[in-house]
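This structure is in C-alpha cells; I'll ask about it shortly.
Order as written gives the chain letters A, B and C; numbering starts at 1 within each chain.
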Amino acid sequence: MKTKITLMAAALLTGSALTATAVNAQDETSIATVVKIAGIQWFNRMEEGVKQYAEDNGVNAFQVGPAQADPQQQAALIEDMIAQGVDALAVVPMSPEALEPVLGRAMEQGITVITHEAAAQQNTHYDIEAFRNEDFGANLMEQLATCMGGEGEYAVFVGSLTSQTHNQWVDGAIAHQEANYPNMTLVGDKNETFDDAQNAYQKAQEVLRAFPNVKGMQGSASTDVAGIGLAIEERGMEEATCVFGTSLPSIAGQYLETGAVDGIGFWDPSVAGYAMNKLATMVMNGEEVTDGMDLGLEGYESVALEGKVIYGQAWVNVNKDNMADYPF
Amino acid sequence: MSGLLPQGFWTRNETLVAVVIILFCIVATLSDPLFFSATTLTDLLRASIVLGILAVAAMLVLISGGIDVSFTAIAVFAMYTTTVFTLAVAPELPWFVIFALSIGIGACLGAINGIFIAGFGLPTLIVTLGTLSVFRGFLLTFVGSQRISALPPEMRDFSRMMITRGTTEAGNFYALPWAFAALVFVVVLTWFILHKTMLGRSIFAIGGSVESARRIGINVRATQFFVYVYVGALAGLAGIIHGAMGRMADPFSLVGLELSVIAAVVLGGARLIGGYGTITGTLLGVALIVLVQNSLIVVGIPSTWQSVTIGLLILLGTGLPAWQAKRAAARAA
Amino acid sequence: MAAATHDALVDMKGVTKRYGGVTALDGVDFTVHAGEAVCLAGENGSGKSTLIKILSGVEQPTAGTISINGTQHTNLNPRVSAAAGVMVIFQDFSLFPNMSVAENIAFSTQLGEHRTLFDLSRARKLAQSVLERIGVDIALDARVESLPVAHKQLVAICRALASEARLIIMDEPTTALTEREVRSLLAIIRKLKEEGVAVLFVSHKLAEVLEVSEKVFVLRNGKKVAEGPAAEFDAASLTRHMTGRDVPEAPPSAVTEGSKTLLDVENLTKVGAFADVSFALKAGEVLGVSGLLGSGRTSLAKALFGLVAPDSGTIRLDGEAFALGDPIAAASAGIGYVPEDRLTEGLFLTQSIARNIAVGRLDAHERRGFLDLGALMSEATDWLTRLKVKAPDPQAPVRSLSGGNQQRVALARWLSRAPRVLVLNGPSVGVDVGSKADIHDIIRDLARSGIGVIVISDDLPELLATCHRILVMKAGRVVDEIAGNSVTEDELAHRLAS
C-alpha cells in the first residue's frame, strides 16, 4: 500500500514537471536534431547548419547524439527529448526499424518528426534525402566519363555487396554510362571492399592486374577512393587514370592533392541539417510540401516529392581546387 | 611413398594446401597469362604481410592449446592509439619509435589476456571474446572513432620505403615494401623461439598435455603469459604496419579479420585441440587465403563467391586430413 | 650392485596423513632398497595413492619421517623428490603426444638444467643412450601419439631413467598391456634392477608382477596389513589381504535342464575381423569369448550389438532374425551391450549417476510427449540399491565413482531395459579385486534370472568364475570350445596360447 502511494506521488511529480517544461517550451519553439553519433566530423558539420538555422530564425534548435553508434542509445535519447517537451524532432536514424516505436509515440504526442537518410521510415512526417541515390551515382559517372573522354574500361567498388545505398549509387552510374557513353565498358563485377582502405587497395591492385587497360574507377565507401588512390599513386598512374567516388576531404584529401583521385562527391551535412529544421518549422506552421517546390537552400531549389520522401539534388562535387572549402 | 619424402608427406595439410595453391596458379595462368608475373607476386606478398604476422601469432596460441580472437582488436587498438598519441604529442617521431610504441601497447593488452588466462585460469575463448569487445569498445568510445588520414609523416614515409620497385618487360609496375621484412623477421624469430628454446618447446608441451607439463615441472602459467604477451606484441606490429601502409588510421578496420586468420592457420595444419602447428603450414595457409582473396577476378569468379570459396577450402583443407586420419584409425582397429 | 648396499633407498617411518577428519594413512612404515622391486597392493581408497603422493612430494605427511638415500626430508616437494631420484610413472604416462620420442625422454632433463635454448642433438643422444640401456628400439623422431601403448610406457620409463631415477614408481603398469607386452616389461624391470634402480609397483592387479618382485606391502584402509617376501604371496592371498575377506569365486551353477535357446548366431562374417562364427546361447547360460588381442573377439562383440556391420550371416533372438549392423534394432530386440572402455564409450561422465541409468529408459517413461521425471529417477535409484552401487548421492556425477561402481552404473542402465541377452566386453577391466568379485556375483545372478550373458574377456580367472562354456577365437575364427568346469586356469591358458 505504502509503495503504491509513493509511486503515485512520483507520477504526479513527474507529471507536473513535464507540464512545467512544456509551458516553458511554449515561449520558444524547440527543435531537437538527434544524430547517429556525437562528436564525429560529419555530424559536427551538421551541427553548424542546425546552429545557423537557430540564429537565422530565433528558435531553440539544437543537436544531440549518443556517445556510441548504438540504436538503443539513440532511442533512449529521443525518449528524453519527448519528455523534455520539444516541438519537433529531426532525426538521422542509426537503424530506422529500431526507431519506429519511439518516433510513433512522438507523433502521437503531437511532435513533428522529420528524418534524414531513412527513406523507408514509416513514422515520420517527411523524410528528406539530399538526392536520389541513382542520380548521385549518375553524377559521379558523368564526371568519370568526362575525365575518361567518354571511352575505355572502368571498374566499380562497393563497401559491401549488401549495402543498398552503395548498390544504388553504382547501379545509377552504370545505367547512366549505358545510356550516354556507349564506348565505355564496365570490367569485372562489383568489387567488395568491406569499408576498409586496405581491402580497397588490394582490390584496386587486382583490378589493375586483371585489366591492364582499365582507365577509370568509381568508389562507394568513403575509404574506397583512399585505397584506390594509394594503389594508383604507388604505380605512378595519376595521369593515366580517372578515379571518382563518394568520400570526404578529410579521408581522400592527400590523394586529391597528388591527383591520384580526381574528384569526390558527397552531400553537405550542414545544409541537410538546416533543411531538416526548416522542414520541421514548415510542418508545424501547416505548410504543404509539393513536388518541384523550392526550399530556398542550395541543392534543394526544386525538390521531388515521392510519398513522404523529399529528394533534392544537393550533392557537392569536390576536387583539388575547392577541397579547402569543406574542412571535414 | 618415396623414401626421400618424410613420413606421412602425402597426408599432411601442408602438402594439400601447396597442391591447391599450385593448381590455383595453373588455372589462373591459363585464364590470364598476365597472372604469372612479378606484379602479381609482389602484390600478393604485400597483401600477406599483415595477415601473415597475425597468423603466426594465432598459430602460437593454437599450439599452446588456446584460441585467441582478440588479436585484431589489439592490433587496431595499438595502431590507432599510437597514431592519436603521436599526432598529439610528437608528430615528428621516427617510424621505429612509433612502431615500438604500438608493439608495446599491443604487449600490454596481450598481458591483460595473459592475466585472465594464465593468472585466473579462465577459458581462452571466453576471455578473448570478452577482451575483443572491451578493447574495441574502449577504443571507439574513449580514444576516437574518426578515420585519420593525416598520419605522422614518418609513418607515411615508411610505407614508401621499397625493397625493390620497377617495371616488368610487359610494362607492369611492381614494388615490394620494406614492411615485408617485418614478416620475415617475425617468422624467423617465432621459428627460433618455437624450435630452439626451452620456452618454445614448453609451448608445444603445454599444448600436448597441460597436466603432463605441470608434472615435469614446466612453469605453465609463465609460459601461457608469455604466449599472450608475445601475440599482443605481434598484433601491435601488424596493426601499425596496416595503418602505415594503408596511410590511414581507421578504428573500424581489422576487427572481423580474426576468423580469416584462424582459418589460414587451421588450413596450414594447426589443430584447435593444441600442440600442433607449423610455420610452413601457416604461411601456406596465408598464401592460399591471400591468393583466393586477391585473384578471383583473374580466374573469373564473382566477388560474391569469395567467402563461399574460402569456406569450401577450409572444409576441404581441414576435413580431408581429418577424414584420412579417421580412415587410417578404422583400418588399424 | 644391489648387493653392494644394504642401506635403504627410501625409508618411511610412522607416516600418517589426515585429510580433515579422514585418516588416509595411519602410521605406515615402508622401505625400499636399491635394485629392489616392491609391490604396493591395495584396493581403491586403501591409501596407496596417498603414499605415492607423499613419496613424490606432492602431499606433506601429517606425521612421520621420510628419508631418501639416508637424508631425512622434513619438507619434501616434487622438485626435491625428483632430484633425489624418485620418479612416478602415472597410469596415463604424462607424455606429450605431439612431441617426438627423443624430446619426451630428454625434455625434463634439460628443463632441470635451467637452460634457455633447447639442444635437440643432445636430447637425441641422451634418448638414444637410455633406449639402448634398456635394450629397446623405438624411432627417436616418431611422434609419441603414433606409438602403441606398450611403447609409450617404455618412453615414460626412459624419461625417468634420463632424469637419473633411483626409484621408479609405476601406477597400474600392466592394466593396458597384453600378456606378451607384460613379459617384455618384466624383462626390462629385471635389467633395471641389475643396474641398481628400484621399482615400486602400485596396483590392484599384481599377480603378473609378483615374479620379479622381492617384497610385497599390502595396505587396507590406510594401514599396512601385510608385508613380506614376494614368494610368500599368491593371487589368492593378495586378494585376501587387500579385501580383508576371502572372496570365494564359486563356479556358476549349472544351466537349468531343458532351457531353450535364446540367441542363435550363424556363419557371421566380417571381412578382416572374423569369419564363419556360429554359436547358440541358452537362457540362463554364460558364454565366454576369449582370444588374444586381434583375435576378433571385440569386433564380434560389437557385431552382436550392431556396432559393427557384418558382411554376412544371421543373428536370431528367440528364433527371430533382426537387422544386422543396427544398434537400435539390436537393443529393441532385447540385446544389451556394456563396452570395455566404459569411460569413453558407455557413460556420460559429467552427468549424474541417476541420469546415466535413466537415459536408457527415456522412452518407457514418456507421458504424452513429456518425461515422467519422478518415475524415471525413482527407478534409477532403485537400481542403484539393487546393484549395491556405493554412491553418496544419485545426483553426483559418475566421474566421482570408483571404477567398479562406474561399471555397475553402466550395468544398471542395461538391466533397467530388461534385456534378454547381455554382452559384457571386459566387465572388470580396471576395477579392483573386491568390486570384481561383486561384478562376477552380479553376472551369475543375471544368468540365474534367465538372461543369456556373453562375457568377452582375456582374464582367465574371470572366465572360469563366470562362464559355462568358453569359445576361443584365433585370427577371426572360433578354434576351440571349452566347458567352463572342465579346465584349470593353466590348462585354459595353454589352450588359448596354442
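The criterion applied here is as follows: a residue touches a chain if its C-beta (ideal position, glycine included) is under 8 Å from a C-beta of that chain, and two chains touch if they have at least 3 such contacts.
A quick note: this is a predicted structure, and the numbers were derived from the prediction, not measured.
Colleague: Are the chains arranged, by touching, as a line, ring, star, complete graph, or other?
Modeller: Graph shape, chains as nodes and touching pairs as edges: a line.
Colleague: Ranked by contacting C-beta pairs, which pair of chains comes out on top?
Modeller: Top-ranked chain pair by contacting C-beta pairs: A-B.
Colleague: Mind having a look at which chain is the central one, using mean CA positions?
Modeller: That would be chain B.
Colleague: Please compute the C-alpha centroid of subunit A, do the same for subunit C, then give the distance between them in whole Å.
Modeller: Those two chain centres are 72 Å apart.
Colleague: Where the CA atoms of subunit B average out and where those of subunit C average out, how many Å apart are those spots?
Modeller: Using C-alpha averages as centres, the distance is 45 Å.
Colleague: Taking each chain's centre as the mean position of its Cα atoms, how many Å separate subunit A from subunit B?
Modeller: Distance between chain centres, rounded to whole Å: 36 Å.
Colleague: Enumerate the contact residues on subunit A facing subunit B in the complex.
Modeller: It comes out as residues 37, 39-41, 67-69, 161, 188-192, 194-198, 201-202, 205-207, 209-210, 212, 222-223, 226-227, 230, 234-237, 250-254.
Colleague: Along subunit C, where are the residues that touch subunit B in the complex?
Modeller: Interface residues on subunit C, with respect to subunit B: 78-79, 82, 90, 92, 94-99, 103, 107-108, 110-112, 115-118.
Colleague: Inside the complex, what are the residues of subunit B that reach subunit A?
Modeller: 32, 34-35, 37, 39-40, 43, 47, 50, 137, 140-141, 145-147, 149-150, 172-173, 175, 242, 245-248, 250, 252-254, 256, 293-295, 297-298, 302-304, 306
Colleague: With touch defined as at the start, can you tell me which subunit B residues reach subunit C in the complex?
Modeller: 195-202, 204-205, 207-209, 211-213, 215-218, 274-276
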